[in-house]
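See structure below.
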Amino acid sequence: MQQRQNHTAAPSRTLSKNDPPAIQALLIALTLLFFAGFIFMPLALVFSQALSKGWQLYLDAIREPVALEAVKLTLLTAAIVVPINAVFGVTAAWAIAKFSFKGKTLLVSLLDLPFAVSPVIAGLIFVLLLGSRTPFGSWLGDHGIKIIFATPGIVIATLFVTFPFVARELIPLMESQGREEEEAAITLGAGGWRLFRMITLPNIGWGLMYGMVLCTARSIGEFGAVSVVSGHIRGMTNTVPLHVEILYSEYNYTASFAVASILVFLALVTIGVKTALEHRLEGSHNTRH
Amino acid sequence: MSIEIRNVTKRFPGYTALDNISLSVATGELVALLGPSGCGKTTLLRIIAGLETADTGSIILENRDTTHLPARSKNIGFVFQHYALFRRLNVFDNVAFGLTVKPASERPSKQEIRDRVMHLLKLVQMDWAAKRYPSQLSGGQRQRIALARALAVNPKVLLLDEPFSALDAKVRLELRRWLRKLHDEIHVTSIFVTHDQEEALELADRIVVINKGKIEQQGTPQEVYDHPANAFVYNFLGNVNVFHGRVKNGKVVLGQPQPEAHRKLNGHEEKTGQAFIRPHDIGISRIRNGNDHPGIIRDIRLSGSQITLELESAGFDTPIEAEISRETWRNLELTKGDQVFITLDKVKVFAGDFEI
Amino acid sequence: MRYRFRPFPFSSIANMHPFSTRQRRILPGFGLSMGYTVFYLSAIVLVPLSTIVISTFGIEPERFLAAVSSPRVLASYRLSLSSAFFAAIFDAGAGFLTAWTLTRYRFPGKRILDAFVDLPFALPTAVAGICFATLYSPAALPGQLLARFGIELANTQSGIVVALIFIGFPFVVRTVQPVIAELETEIEEAAQSLGATRWQTFRKILFPHLFPALLTGVTLAFARSIGEYGSVIFIAGNLPFRTEIAPLMIMSKLDQFDYDGAAAVAFVLLLASFAMLLLLNGVQRWQQKAYR
């Protein structure tokens, strides 16, 4: 299996740069096997199940008013969450990447938080904060402002779950680009916003877009946190993932998969856009260092 | 615009970058800040530019105290080691940048900007590249654009931070000469930072040698090279042989017989000292001449225009390196193992314990 | 290729050129950006998280202990932790394998595979959940296939582990890929010229070099899987003591309006999360040092 080297004789052929073909074939086959079972099968399943009762039922399930409401809510949430978190991401990346200060490491670790905290807890904390148990929450209740079990609650919980994405993309990017262009702009007389708008922003454009794509994908797909916070009121506080769950729990499998196929479609689009952007992003990084 | 630096100190956690530095630069001068890495020269440059702040001291530009002025108001041109061109703007927009960000009341018209930018691009011989982007240019070309960009706003002072160290050797030489010519034309007060003594010697009107945050010496290239103030400057500014010996009665005792110390030293006690002599100040001949030391050639190195001989001589603890011209080498027909006589005329002696 | 879970360059942040922090800063906007960042994080993250802590300290210790150490809850911790652990281990193998073949080999369809590594990340967890639920059920082909071998995945821990494998997979791949890509061929050539076999080169030189990155990816996957909810609840069947994951315990307490109980269990899980973050931080820092 392995190449055998004759230790005493000088290698008479060129040193091979990679693993022997047999090994390669084996490992590739294993990889494909894994992908087939874990990645492509679920994918195929969604569509096969969704269409198992024919196109007509598929389209009906998608066009059902409740489903459409869910789509609207999901998209609305994303439309609110992504710009807000983009602004946060750019701001945080500016502070972190271009300056040095105490406590930076702590701040940066906070950005990993949503990856380590269960989405259910992400929902719970807002229920606790904004529900009627806290003084803040009861104040809201007295004034008839509904946050939990209504759209604002969903938006806030999604904000929590998706806040790091843009920042995590921009920080390494801005660090690799360094401070020199901004310093040069300063010596040439540019002021704060000018500098940011004309120099920094164009430099981070691709990274920003990439981060926003990830943020969008996550906010559309968030399930656990939204599940806690939404109250599951059909037609009003259901996002698409929640709607999928409800249909499934009613044994309405075909419809459930039909609606799920929307999400799968969006996921595929996300993957496509991501891949397209990655090349641009590589170019933005400074390779000088 | 004249520059005066008064008592500037800058400390970073763990070390002092600049220790009470004072320095004057006359209008139109081209001054080199020369020193090893980490000696504080770049820090000083950045403080003058306003890109760093000093702990104490002041920076006076043409009688105006600009120490606390923000960088953007200082009207100083800065050229970075790695060019710092705006990668998203083309060459024209890069050079025009300083003019386009001027407040509306001061901003020249579009036509004026265009004229000025093209004039500068012609000056740096890059007018053909106006629409190109920095990524499409070579290092030398980028640095010329960076220079044009800095000059566009008519700065009173031009600061250059190791402007050529990121370039190939040949390009470095070309740009060095070209910068000197440019300065002769434009006469803007300029300070540049370098660790390359050749560069400093060739370019500058005046050299300021800095080591560990302090100024070791300042003067014209001639002064600093021929009359170094101490061992550090001597060693930094060129190749040098260092011999350890004892200083007694104004003479340094090394080898046999003794070379005359060229600086009479005070005091008559015996001290340890170091004698310095440049390789090209050493004379080689086949015939003994008075104070000459006999020596044997151990190695001959042919490096370009000069020949370097490595010699061994009784009484000297280290090999002696001598530089002779090709002509001398040919005339004397020197080969390895030959016995020759070494003339040590221009020896400089620094008494006491010195560390290089 | 751009890899998303590249660990933060902590040490590069720490080693940045020491700018003047005492006097005014040269680049503009520090105050504003820092202020907004701190404000936003406090409002969205810190204050809400503190409600868990505050709630917990508001409960009498006995009630707290009763809530977090009831047998059912303890079983759920065990289940979440062990399932995440097994899944992370499997992902270590599958992820490493995938990263290796995608980076070093050429074969048709490689780019598609590379893009699809991110599917578990881009796909909503609920969709993954219903997929796996259907796949496991005896009605579906895979379910029947596995049943032939006597393996049942529905309503078992194994099923949970499989779903978690799916979820954690991209984390491992994307963390290891860049490091494999940056392996210098000269090192391998040097080893070979000194007489090492492929396997020896891999075992003694390459793998130890890749191990820190692998560990980082596995830790990320593990941390993620502990709290995973959406993809698991559809398949788990939620049988008490057998397939109830910890987040589900929180959910069910919420359904019963037992806010205190929910907060208590969440508190324990949060402790685990923070422990994971600390671990992750430490591992990433080790990785940064290792790749100097």
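Here the chain labels run A, B and C in written order, and each chain numbers its own residues starting at 1.
Just so it is clear, a residue touches a chain if its C-beta (ideal position, glycine included) is under 8 Å from a C-beta of that chain, and two chains touch if they have at least 3 such contacts.
Just so we're clear, the structure is a prediction, and the values are computed from it rather than from any experiment.
Q: Hey, which pair has more contacts between C-betas, B-C or A-C?
A: Most C-beta pairs in contact, of the two: A-C.
Q: Using C-alpha centroids, which chain lies at the maximum separation from chain A?
A: B
Q: Would you kindly tell me how far, in whole Å, the mean C-alpha position of chain B lies from that of chain A?
A: 53
Q: Could you tell me the distance, in whole angstrom, between the mean C-alpha positions of chain B and chain C?
A: Each chain's C-alpha centroid was found; their separation is 54 Å.
Q: When the centre of a chain is set as the mean of its C-alpha atoms, what distance in Å lies between chain A and chain C?
A: Taking the average C-alpha coordinate of chain A and of chain C, the gap between them is 14 Å.
Q: Taking each residue of chain C in turn, which ones touch at least two of the other chains?
A: Within chain C, the residues that touch at least two other chains are 18-19, 26.
Q: Which chain B residues sit where two or more other chains touch them?
A: In chain B, 50-51, 71 touch at least two other chains.
Q: Quick check: what residues of chain A touch more than one other chain, meaning two or more?
A: 183, 186, 191
Q: What part of chain C is in contact with chain B in the complex they form?
A: Contacts found on chain C: 18-20, 22-24, 26.
Q: Name, in rising order, each residue of chain A that touches chain B in their complex.
A: On the chain A side, the touching residues are 180-181, 183-191, 194, 198-199, 202-203, 288.
Q: For chain B, which residues count as touching chain C in their complex?
A: Residues 12-13, 50-53, 55, 70-71 of chain B touch chain C in their complex.
Q: Provide the residue numbers of chain B that touch chain A in the complex, in ascending order.
A: Within the complex, chain B contacts chain A at residues 49-51, 71-78, 80, 82, 84-89, 97-98, 101-102, 146, 149-150, 152-153.
Q: Touching residues of chain A toward chain C in the complex: what are they?
A: 2-5, 7, 11, 15-20, 23-24, 27-28, 30-32, 34-35, 38-43, 45-46, 49, 88, 91-92, 94-96, 98-101, 104-105, 107-113, 115-121, 124-129, 131, 133-134, 156, 159-160, 163, 168-169, 171-172, 175, 179, 182-183, 186, 191-192, 195-196, 210, 214, 217, 220-224, 227-228, 240-242, 244-245, 248, 253, 256-257, 260, 263-264, 267-268, 270-272, 274-275, 277-278, 281-282
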